[in-house]
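Two complexes come next, and they have one chain in common, chain A, joined by chain B in the first and chain C in the second.
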Partner chain A sequence: MFAQMLNELPSFFSYYNLLFFAKALGTTFALSAIGCIVGFTLGFALAAIRLTTHPALTPLRVAVTLFTELFRRIPFLVTLMLVFFVFQAMNADLGMFTVALISVCVIATAFIAEIVRSGLESVHHNQWDAAATLNFSYWQTLRLVVVPQAWKIILPPVFGFFVLFIKDTALASQIGVVELAFAGKTMNNKGFSAALVYGTVLMLYFALSYPLARFGKYLETRLAPTRNR
Partner chain B sequence: MQFDFSPVLERLPYLAAGAWLSLQIAFLAFSLGMVIGLAGASVRAYGPRWARALVGAYVVFFTNTPQLIQIFFIFFALPDAGILLSPYQAVLIGMTLNAGAYLAEIQRAGFESVRRPELEAAETLGFSRLQTIRYVILPHIIRVLFPPLSNQYILMTLGTSMAAVFGVEELTGRAYNINAETFRSIEVFSVAAVFYIVITLIATLSLAFIGKRFFRAKMRWF
Partner chain C sequence: MPQLEIVDLKANYGAHTVLERINLNVEKGEIVSLIGPSGSGKSTLLRVLMGLLPPISGNVRIDGQVLDYKNVHQLRTIRSRMAIVFQQYNLFQNMTVLENVTVAPIKVKGRPRREVEDYAIHLLEKVGMGGKLKAYPDQLSGGQQQRVAIARALALQPGIMLLDEVTAALDPELVNEVLDTVRLLAADGMTMFIVSHEMGFVREVSSKVVFMDGGHVVEMGSAQQIFDAPQQARTREFVGKILRH
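And then the complex of A and B:
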């Protein structure tokens, strides 16, 4: 097994194969990065909507709550298939990358909305009341009172989620997006031994995820919440 | 666009049987992962330096690479070394190893949460070692560990859908089959999604109930 792998090494690390892997790594990175940014923005917005109390916004709140609660309970693979077939039924002419990107954003939004919500709720209710007494608007309360106290609680689990999330993008290979997992399958089909191919893919994912995980750990210790809240 | 759920609803028992298999995989992988995790966490807390480093490397490697590729590796690379596994076995082993890494990390955090003053208080009260474990350490650890463990269990239930990629006929795998038979794609996958939602809702609610009722864990219903 190992002798065979050694034989394959020169042809495996040929210029075009390396280029192929680099492109695949780029796709995985793009999927995760765009998903993280969009997910964080939308997730924050959804959490902010969910914490409003105005009666006129009740339908919106219900819709947001349903969205987060449901999509956190559907496996990514099933979400991916649903998005894929819904766009197909709508005759939308979208590339596979776009389809994967949309499902990635949907799932990131749902999960991050929940993290942000519990972070915002961790700020003591007296703070909300005090802000209301000072006649702060909802937006002012969030911006000037709640978020400055909550972001330390929110950031570490958000980075924890990003790390989980990079690895979930591997499932995008199932609808044919040429990212790392798909590149691995292709190379394996070309006849390179599975241990070599998937070992390389594992290492590449590791290189992508480990720095982020370390950064999340660093944030966790650095931003350790104070006990007096 | 017209929806026709009848071909899917006819095959509801078939899907339900798949859901049962999903639950079995999640439960098995979680239980076995708990054993690995407990061993790993104990080694990391009390083991010799080299063993700690070894377990640390295992945890870092498995939590930073995708489960899908880990199972790919087990399923496609191990046969070259003469180990032939069925898809079900490969998925189960992959999920167990992956869960073991996460659960080791979670349990380690639980071990570390026992504070020294608590142990000293137990000593002052004249507790024996066994009594300390039974009345001070265990209740504390379970209370702290229960919420993240149940969360991990829910995530693992969702993770079982990955088995479909290897042709295991669990919930998602059977949804694939029905899709290939009837071409009612949106209907099939939305019904499968509802199955997952119901399964995880039941799991969340019952775990929250158990945690609140028996271990005084701080948990929310949702």
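And then the complex of A and C:
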């Protein structure tokens, strides 16, 4: 098998195949990066809305809670199909990449909103009381007191989710998006040995996710709230 | 005119009434101590006064002005005129001692950083914490944290200070360093509400002692009256028990 793989190497790493893999890697990276950034931003916003107490915001809180609880419970593939068919029913002419991107953003937002909510709630309530009696607004309390203390709780599961999430973007291949998993399948269909193809795909996924995990660890230490840095 | 008037105040936790028919006047410079068994409503009264638990009925007047706890702007006024020091200090764990004391005047009141820091350093020196400006709360003893909490409350220049069992969480040998700080405030003429189980201290500093039980004010009077000649049987029972120990 190794001899066969060695024989395949020159044609496998041809210029066009490398370009094909690079494009697929770019797609996986774009889906993951945009999903992470949008998911983190919107997830934070949704978590902050869920923790408000003002009666006027109750409808918004209910909507946010429904969104979060619903999309955390639906498999990614189902969300992907849902987005695909909803846009099709609306006659919206969206590319497959856009459909996949919307799906990953929806899923990432729902999961991160829940991680952030539990992280913010883990900060002792006496910190909220102290901020309230010092006349901090809700947003000042979050920004100056609660979020800086919650980072240490929020970041490990968020980056754990990001790493899982990069792998989940492989499901976008189901609707024809040419990302890493799709590229692997295509190359395998072209006749290259599965071990060589998926070994390469494995390394590319690792190359994407390992630096992200290290970055998470760095942020965790950097943003630790006290002397225990 | 009393600096603080509490008129027929009532508060609930859910369906359970925790304070009822609270009527109390506090003159400027008075030190009012709230005593009573656990669960009698002393700390709850302070939480209600700070708007952490909105009252169901009754009202609170500061300098003759009736303040509505449901109105956000008036709640801000209440919290700018009164400051509370909590039993568990409640210092912001992500901030240094100096940041804890300066954050509200700078971020909430928008006062110049330099001016606020100079005043904060003066206050921290006054409470004996001038050498710990860059320390984080978890690097300090309980007594030190409590003194920083007192400086933080003073930094907003409140008219009335509420001290909620400020020595209850401290080791016995740290109690005095906090009580000395409170004595300093008393000597400056600060109006204070003190919830405390340190009866010797209550007797020493209070202009008025209020005995509470079951969410009601049972009796109030001078320290001498409450401790030496209580009028109510429940007060006599409580004072008799605590003075025996």
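Everything below uses one rule, namely that the second predicted complex is superposed on the first by the 213 of 229 C-alpha atoms of A that agree within 3 Å, B and C clash if a C-alpha of one lies under 4 Å from a C-alpha of the other, contacts with A are read in each partner's own complex, and residues count from 1 in each chain.
Keep this in mind: a residue touches a chain if its C-beta (ideal position, glycine included) is under 8 Å from a C-beta of that chain, and two chains touch if they have at least 3 such contacts.
Keep in mind that what you see is a predicted model, and the values were worked out from it rather than measured.
Which partner reaches more residues of chain A, chain B or chain C?
Chain A has more residues touched by B than by the other partner.
In the superposed arrangement, does A:82 touch chain B (first), chain C (second), both or neither?
first
Could you say whether A:168 touches chain B, chain C, both of them, or neither, answering first, second, both or neither?
So A:168 only meets chain B here.
Under the stated touch criterion, which partner chain does A:39 make contact with: chain B (first), chain C (second), both, or neither?
After superposing on A, A:39 lies clear of both chain B and chain C.
Under the stated touch criterion, which partner chain does A:130 make contact with: chain B (first), chain C (second), both, or neither?
After superposition on chain A, A:130 lies in contact with chain C alone.
If you stack the two complexes on chain A, which partner ends up touching A:140: first (chain B), second (chain C), both, or neither?
The second partner, chain C, only.
A:149 contacts which: chain B (first), chain C (second), both, neither?
So A:149 only meets chain C here.
Please identify the positions on chain A that touch both chain B and chain C, taking each partner from its own complex.
In chain A, no position sits in both the chain B and chain C interfaces.
Which chain A residues qualify as touching chain B in the complex?
1, 4, 69-70, 73-79, 81-82, 85-86, 88-90, 163, 166-168, 170-171, 173-174, 180-181, 184-185, 188, 193-195, 198-199, 201-202, 205-206, 209-210, 213
Which chain C residues qualify as touching chain A in the complex?
Those in contact with chain A are residues 50-52, 76, 79-80, 83-84, 86, 88, 90-94, 103-104, 107-108, 136-139, 152, 156.
In the complex of these two chains, what residues of chain B are touching chain A?
1, 60-61, 63-70, 72-73, 76-77, 79-81, 154, 158-162, 164-165, 172, 175, 185-186, 189-190, 192-193, 196-197, 200-201, 222
What does chain A use to touch chain C in their complex?
Touch list, chain A to chain C: 126-127, 129-136, 140, 144-145, 148-149, 225-228.
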